[in-house]
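Two complexes come next, and they have one chain in common, subunit A, joined by subunit B in the first and subunit C in the second.
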Partner chain A sequence: MPWGLLAPELGLCLWILVMLLADLAPATRKPQLSWLALGGIGFTAVLLAWQQPLWARGESFQSMLAVTHFSGLYKCFFTATAAVVVIMTRQFQRHLPAHLGAFYMLLFTALLGTFVLASMRDLLMLFLGLELLTFSLYIMAAYLKAEAKSIEAGMKYLILGSVSSGFLVYGIALLYGFAGGTSFTQVQNAFTYALTVPATAYAGMVLVLAGLGFKIAASPFNLWVPDVYEGAPTPVVALLSVGSKMAGAMALLQLLTGIFAPIAAFWMPLLAALSVATLLYGNLGALAQTNIKRLLGYSSIGHAGYLLMGLSTGSVAGAEAVTYYLLAYLFSTLAVFLVVIAASDAVGGDALEDYRGLSQRSGFLAAVMFLGLLSLAGVPPLAGFVGKLLVLLATVESGRLWLVAVGAVNVAIALYYYLLIVKRMYLDAPRQTQPIAVPAATRVTLYVLVLGILVVGIWQAPFLRWISAIR
Partner chain B sequence: MLLTILLAPTLGALALLALRDDQHAWVRRIAVIATSVPLLGALYLATHYDVARGGYQHEVFVPWVASLGIGFHLGVDGISTMLVLLHALCGFTGVLVSYSIKERVKEYYLFYLFLITGVFGVFLSLDLFFFYFFYEMAVIPMFPLIGIWGSDVKEGGKVRYSKEYATMKLTIYLTLGAVVALVGLLWLYVSTGARTFDLPALQQALAARPLDASLQRWLFPLLLIGFGVIAPMWPLHSWSPIGHAAAPSAVSMLHAGVLMKLGSYAIIRLPMTLLPAGAQFWLPWLASLCVMNIIYGGFVAMSQRDLKLIIGYSSSSHMGYVLLGLACLTPVALDGAVLLMFAHGLMTALAFALIGYFYEQTHTRYLPDLGGLAHQMPFIATCGVIAAMASSGLPGFANFVAELLIFLGGWDRYPVQIICGVFGVVITAVYMLRVVRGTFFGPALPAFAHTRDARSAFERLPYLVLVIALMVVGCWPRPFLQMIDASARPLIEHIMPVLPLAAPAEALH
Partner chain C sequence: MITLTHYLLASALLFAIGVVGVLTRRNVLMILLCIELMFNAANLAFVAYARALGDTGGQIIVFFIIAVAAAEVTVGLAITILLSRQFKTLNADEVSFLKW
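Up next, the complex of A and B:
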């Protein structure tokens, strides 16, 4: 048995147990748990690095999971996200009640879920990975037990999430009925060699897409986003916004370029239409927001629109563009959320008005936020610009110029509401002037994220080479 | 050499990051160094451009993303050399003028130097990717620069346009224009099939296999409108006078002096160079639109009473001449258009610098409140009269030479538009003389008794630099025109022979 293929997953399982036991630590030692969690992330990263030579061989594990370059690349993305979320939790932890260890444990189970998704070769693994991820997030979203908003967020996420899981399972069942099996090879072969693809198989595919559309917050499955983003603890929101969206987009990428590739002509226009709806819903909805977390929620819907746009091309260039977009999105969104967490106590809340004059209280936090938001808006020389450019380029190549036009106009709409935040931070006078202290761990993480935003934006070649190796 | 010009402001900005917020003197010194190095570089370029050889010179090429055909390719021809020189002059004098900025000094120069870098990048890039990259990069720093250090436009004590409104309008207009142009660029990139963003390589590929004329007619307006927004092309100009008026002096100088030229430069460099059949088809429309620029902008300028709004509208009016010069598609008119970009840039920069100087002391730029400033500040008044004369196109200044060339070069093609354009000169003279009379002449007002002239050589330096540059080019335009002509003539010759080819292509469809 090639256990080496499962090494990172097994390492994560080990650390889930470690964190569970660590929760028994006395309350005074709890704040140190973040270092233990970071150690676990580091351990996973080491295992990934050790396993790296195996990626190129693309070996599979009982045709359920496979270790490929693609899965390895995305596991790196997820690990990096989890590391930043740990730092965020460290900054945020005084708000968290007891069971801090369990919170970190849930982070590791969520990470395990994304790892399973990255390696999946079977529809059952899709379901398993997705549920592992989503269940962890249900609990994490409702972690602030004393706050009604957090409970509401967890509840809404649970109910809508369960419905979408229902869609997913029903879709998988229909596909099983069509293909006679659940492994990707079987389903793909069934689509390739079927003389006529029955309507039930199309329905199965649409239901699976709906289930994943929930994860990436695509219209019309995004009604949960604003409330959950507003109510859930901010580190969880960051995990939802980056980890969960990345997992959904990655799963879509695998399914669309894999098992559903034979019926591309069917889903390409469908995704293009969804992309337009998602872009407009997210970006127009964001215009009217007064709470920064809600605003970022709507803006994350807008970003889902660009991801769908890239996916709708069905081309290799589109797949690479989506991956690059996610990489840029990862750095930018995490930077923005970390600033939100670092500033929220000092500025007194999450309302946009609370950010008035932030640049005069902490030039550093305001500058990072400025760069993060501009990167999300797609302004050079920042990472988000290259992501958007590649997505638009792939869409032009696919010939859907009207879609490119919608995407381009949305760049300007998005820039407007991001600049509204910048305006408050830089142009408006602060309500109070005492400087905001930024702890060293947060500061270093922010430096790393900003460096990432700049490097991914300016020096694209190594990342593009890295990404293009996924085929 | 080009790398030095491009990197000096960036390195300056990075050096600023290492300073404390209150080290104002050092911040300013670094800013002066970071802009004077490019100025020396630009002077070197202007004196070392080989007119006989023509084409792109001093090239720098670093492969960037091979799989997409992106290369970091810098180079200048006669047209961009002039604009690099213009930008270097405005950027340098702008730093000197900015000595009056007293609050949040470090942040100010950071954004300012990024703006300078972005604009140099556009003028130097020979790669569509980096061209757009720097173009967007130049637009964004305007937002904080105007928003933080700008001033509301007031009229009779009431706020007519707030600086927040002005800066948001400017940023959104320019970004919308930019994304429209981006769609055009990507479409162009894909439809040439050459898989390269490199401008000379694209020129070669298109010379070997030109795009279908009907496709060119679709692509051209995307690029024309996209870059036309910043030019500013009527009726998309409304962001510009308000933006000029709200910006701090140095930013108004750069904005009116250089940023607007990005639009006309981009139109020359990209759609006109790459899409000759599109240019054939659409530029006559532009010739008529820019008459609206000239006349409408002129009349609106006449009816304003805020000095910066007057100069702002006059800029959009004068940019109409530049666009008219492009649209004529004759070498002489194009030479004139490029020279006017240069001359108008210096003239407006001078005007905004002067307004900034006395606004700071009088705290008003409302024309009815001003008067008699020549008593207190003779030097500033002299420069003001010079700027007004240059703006009205009096001989001896570069503007005269440039406008004359446009009128002469365009006469055969668009006589009606040229006559309207000449009428525009009269309008300019009317409002410029009114500004000069209302601001500098008349009895000395007691309210302004405390004001003082620019006395030291250092205070006078920015104004003198701009005035001397205007007069040198005005009295001795020959070397500059030769340089421009070396690039403008081949471009026009490239566009014009396409005319007979366009007709049969159209017949096929």
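Up next, the complex of A and C:
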């Protein structure tokens, strides 16, 4: 019964329609859209759980999509991210235009795009999944129609994103000409058995990597990151920062350990060099920032550097480290962004100075922010530490010790600018002392995220086992 | 006689024109048009390869790319309209509230 393989995707398609139609209901009988969206995400999660026995069999759908442990694991990550983004949107609601049904619909189409990417077995699916995800994000980034910053962010994201899609699709064309087909099996066989790999195939691979490098914000394709992060609505920034980066890293993982594995000797040094450039660009750029969303943008570039470092090992340990890193990054980043959304109205903006004395106005928000930032920086025993440790260990095994040294220096730089925020929150005097109210839904979500940061950091064994099942 | 190489060279040239156009043009509409050129360069390469390989798969992919490019232009033009209403200009240099 092949339909069972597509159950979560079909569920998402259904909910895309539900969200669009629910918005048309008369105002008196309109359902609470955020709860409806959360219901849809719960529905998808149930379908994923129901489908779980099929993962081990790794069946494919017409050699275009396949349901495996790997895809199932990442679909769980994406579903969790989308659930937190709904809570964020709920908290952010009064800044957004009235009809939110379309906004939630776009969240579901973005989620569908990531699901297609997680299951892809064909370069055509890579292209379609990526476009489905990015198109939704273009519109969501420009969603604050009355704000010049948001429109500018949407425009910049659209132009640079489309250029990177152009690179990707041209790369796919070159790979198609080389392999005579676009399915992963065909391309991988062509690379394995070719006597000499022609230059066009290498060019195709580099172009595809460039297209995906844009998604995870790797240098030199990250010029859009700070502007889009500052201008776009904050829940969308969180989705960009976690969902989109995770999708890009996952697609890179699938391609590099799959179809490009036979020419690993070619791309390993390339990714190592990009990793150094990305790490330095992100972490040195973050030092000069005065806006928290911009700073988190630069810091997310820094994290892309660690992901590239893990990918550049080309080993199983590296692939598992990247997955663990993404899991830790998911909890930490979402916690930090949820605090930014919950605090921004009360503190009066997104400038770093606005966070002065946050601990005196809301000890809870300040504490969550503190934990999230330390986890992002990689302080033990939090989740981010284990992720970074695994990535660095995998790099040591691969023998690039200079790369490990660069990674370790960057941990120190990142810790410095994260601690500057912590200092502002705890040591500086606040401008006003009125306490900040945190709604129940936001509070519960923050507790769950903090729990995630602690559990993934301290009790690694089950997660490591879960991740190593993907091979 | 026109061979595969000719088509591929034409496609590479189209792609290069598109990339250079995106980098040098300042009008948002022209930038969107240059992005279309990049997509169409890929389409040309797909069709040329499909013909040379005797495989229809590449031609089918072109339909997908055309559909995706149309969707991309739709979103792009919608944001362009917002942009021109807000900034009263289509010059990308004048639209820079956020520092690069």
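Here is the rule we go by: the second predicted complex is superposed on the first by the 463 of 471 C-alpha atoms of A that agree within 3 Å, B and C clash if a C-alpha of one lies under 4 Å from a C-alpha of the other, contacts with A are read in each partner's own complex, and residues count from 1 in each chain.
As a working rule, a contact is a pair of C-beta atoms (placed from the backbone, for glycine too) under 8 Å apart; a residue touches a chain by one contact, two chains touch by 3 or more.
Here the structure is a predicted model, which means the values were calculated and not measured.
By the document's definition of touching, of the two partners only subunit C reaches A:Ala153; subunit B does not.
Applying the stated contact rule after C-alpha superposition, one finds that A:Lys145 touches subunit C and leaves subunit B untouched. Applying the stated contact rule after C-alpha superposition, one finds that A:Pro380 touches subunit B and leaves subunit C untouched. Contacts of A:Tyr176 after superposition: subunit C is touched, whereas subunit B is not reached. After overlaying the two complexes on the shared chain, residue contacts for A:Lys423 are found with subunit B alone; subunit C is out of touch.
Looking at the superposition, the partner that touches the larger set of subunit A residues, subunit B or subunit C, turns out to be C. Look at A:Leu20: by the touch rule set out above, it reaches neither subunit B nor subunit C. Within subunit A, no residue touches subunit B in one complex and subunit C in the other. Those residues of subunit A that touch subunit B in the shared complex are 359, 363, 374, 379-381, 385, 389, 392-393, 396-397, 401, 404-405, 408-409, 411-412, 415-416, 419, 422-423, 426-427, 460-461, 464-465, 468. On the subunit A side of its complex with subunit C, the touching residues are 124, 127-128, 131, 135, 138-139, 142, 145, 148-149, 151-156, 158-159, 162-163, 165-167, 169-170, 172-174, 176-177, 180-182, 200, 223, 226-227, 230-231. Of all residues in subunit B, only 21, 64-68, 70, 107, 129, 132-134, 136-137, 140, 143-144, 147-148, 164, 168, 171-172, 175-176, 179-180, 182-183, 186-187, 189-190 touch subunit A in the complex they form. Considering their complex, residues 8, 11, 15, 18-19, 22, 28, 31-32, 35, 38-39, 41-42, 45-46, 48-49, 52-53, 55, 57-58, 61, 64-65, 68, 71-72, 75-76, 78-80, 82-83, 86-87, 92, 95-100 of subunit C touch subunit A.
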